[in-house]
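First chain A sits with chain B, and in the next complex the same chain sits with chain C.
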Partner chain A sequence: MAKRYTILCACGSSIATSTMVAAKLNDLLQKNNIEATIKKTTYGELDKEVKQLNPDLILSSTNLKEDFGVPCLNALPYLTGVGRAQLDQQILDILKELDK
Partner chain B sequence: MMKVFDVLTQLGPVVMLPIIITLFGLLFRLSFGKALRAGVTIGVGFAGINIVIGYFWGAIAPVAEALAKNTGSTLTVIDLGWPSAAAVAWGSSFAPIMALALLGANVLMLVLNWTKTLNVDIWNFWGVMLLGQIAYYHTQSVGAAIMVSVIVMVLVIFLADRTRNLLYDYFQIPGVSLPHVFTQCAGLIAYPVNWLLDRIPGINKINWSPGNIQKKYGVIGEPLMIGLVVGAVLSAVARMPYQTILTTAMSLAASMVLLPRMVSILMEGLVPIADAANEFMQKKFAGREVYIGMDSAIVLGETANLTTAVLLIPIAIVLAIILPGNKTLPLADLPAIGYMTIISVALCRGNLFRTLVIGTVTLVAVLWTATAMAPAVTVLARQVGFAIPEGTNIITSFCTGMYWFGYLIQEAISKLFMLF
Partner chain C sequence: MNFSVLISPTRDFQDWQDCYQHLARFLEKEQKVKPGFWESVLEREQNFPTGLQMTPNFGIAIPHPSDPTLTLESTIAVSVLSHPVEVRSMADPDEKIKVSVVLMLALKSTEDHLSMLEQMMGTFQNEELIQQIFTLQEPKTIQAFLEEKLGKTPAR
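Up next, the complex of A and B:
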């Protein structure tokens, strides 16, 4: 059975932009038959969530300077619509790499 | 026309929103299934928000009353948080018309070359929509309501153009600007205060770096902990029995975690519509150089900004107690202070001393505005069916006080309309 991933979507209040990002991510994963648990969180809680959930990938609405030891992508293309296809591909590549 | 609004309003937003949003979705060429799903999701989110607000209110209202009685506290306006304020704005029967007017105004500005900002941040229309609804509360005029929301939005879009390079230099966000009402209105205070700080000998040399304060004390910025601690401290100060102290602490922690979850369900319903509007707008202006207007959440997580926001939490509480004329008790919006510090952080290049001074000055305006808008917000919240019983306490959203500038414009236009 294929791996089930855990992906965190982080933004300011885990209300607006992380919901947009999570919706696009969900579309992408469904299209590619990838199973994942998507969790929304805030920047302030990210540190703790990473320790607790040990995610495979973080999608952040901000440029994160801190290194969480987890692949981390800026999800801005999902919000603006510019460069969405590239971000899709980056996510798929990272997840494929993890499955090896 | 007004009759239709009245009937819809009487049905309550849980029924009305799905109907209106489904129609709105069809207008943006979503399939019927998708549009209906979006509409019903928003209704579900609204029902959830209502349940949590009832719970939150049940926990905090007796404490605020006891606080007033036992300590002589004058903080009788309870902060229900911006997520609730956003739900009030989107829950109004005017919301879709206002949203169309706001999109139309932006299109016109772009066509006339007044701006480069293509604002696709539909969700945050709620801010100017709320100001418009406050104008409606004062004037009973739909014209005044739409005029207020459009004028404030236009000004905020201008400010987004003006601050775009500043924000790009510091936060390194390509191709976007931030027509976010919180951020831009609060930013208007940052410029003069920073100018003043530059001219005070000695003071203008102080430079504090954020270091790892956020990592060390970040825990106090977590909604869960804020709810727990503030709930316990407030009820203890109000001299409640220890059982009440424990239940209040837990109820407040629960509300602080649950409320944003419910609002994010409302947002889930809005996503397909926001996407459709985004696509429509981008197609219309394809091939032109534009800044895409975004939510400030895309820069909020920057270290200096988060650090400033965390350190401003205790300052906000102390200020609320000592500031003359303030009646707002900051609660649900304490984790949201970061939206008001963004421009100042970029302007002072993360100098913590300055961002804290500017933040404190901004908080004065925020507390006064939140107090001033409370009566209108309370009535509007009851109109959309929030479980806020009649009583001595009224509600506001502390952080919506960041709209001080937009609120003043609303006051001016409402006064003008009431003259005629």
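Up next, the complex of A and C:
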């Protein structure tokens, strides 16, 4: 059975940009038949969430300075639409690599 | 979606803080948000700024509070600036960008945020619409323009 992933979407308030990021991510995963639990969070809660959920990937709307030991992508293209296809591909590549 | 746009008659500000505070107080005065809204916006902005480069020569900022329960009625307070102000970029807070339109989000639900952000990104990446907004003078005209472009449900 294919792996079920856990992906965290983080922004400053977990309501605005991360909602948009989570929605676009969900579109991508559905299109590619990838199963994942998507959780929205704030930058402040990120450290705690990473420890609790042990996610496979973090999408953030800013460049994160901290290293969480988890692949992390700047998902701003899902907000603005600029560079969306490239981000889609980066996510798919990371998830594919994890499933090996 | 159901929301209204408030247009600030003031279009000239010293810096981003001056502008954001003015818009937050405007929302408070119009009773669209609860007291404490400005403080919540400021706190978020200092930690996680909201400047977005939309096209190579046009930027917007979308300041909003970290606490959505401070909003009473979903509203966007907007200032179309006569001179751009410098803000920090959301993508990279170490980077500064110039923004010419500030849209302060006072939205109640997750759905409202999603719908509003999608409409905003479409509108503010369209060169024609960007040019058009700067030709409008009257706050009422700008308000009608933005309410239509950002997908306000027409009144029956």
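Everything below uses one rule, namely that the second predicted complex is superposed on the first by the 100 of 100 C-alpha atoms of A that agree within 3 Å, B and C clash if a C-alpha of one lies under 4 Å from a C-alpha of the other, contacts with A are read in each partner's own complex, and residues count from 1 in each chain.
Rule of thumb we're sticking to: a residue touches a chain if its C-beta (ideal position, glycine included) is under 8 Å from a C-beta of that chain, and two chains touch if they have at least 3 such contacts.
These numbers were taken from a predicted model, which means no experiment stands behind them.
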Superposition on chain A - do chain B and chain C clash or fit: clash
Which of chain B and chain C A:73 touches, first, second, both or neither: neither
Contacts of A:81 with chain B and chain C, given as first, second, both or neither: both
Touched partner set for A:92, first chain B, second chain C, both or neither: neither
Chain B versus chain C as contact partner of A:53, first or second or both or neither: neither
Touched partner set for A:15, first chain B, second chain C, both or neither: both
Of chain B and chain C, the chain that contacts the larger number of chain A residues: B
Touching partner for A:45 - first (chain B), second (chain C), both, neither: first
Listed stretches 199-207, 217-225 or 271-279 of chain B, narrowed to the one that overlaps chain C: 271-279
Doubly contacted residues of chain A, that is, touched by chain B and again by chain C: 11-13, 15-17, 19-20, 23, 42-43, 61-63, 76, 79-82
Chain A - residues contacting chain C, complex: 11-13, 15-17, 19-20, 23, 42-43, 61-63, 74, 76, 79-82
Chain C residues touching chain A - in the complex, by the definition given at the top: 44, 47-48, 50, 52, 54, 62, 64-68, 90-93, 105, 107, 110, 113-114, 117-118, 121, 125
For the chain B and chain A complex, residues of the former touching the latter: 83, 120, 123-124, 171-173, 175-176, 214-215, 218, 221-223, 260, 263-264, 267-268, 271, 274, 278-279, 282, 292, 294-303, 306, 310, 335-336, 338-339
Of all residues in chain A, those that touch chain B in their complex: 10-20, 23, 40, 42-47, 60-66, 76, 79-82
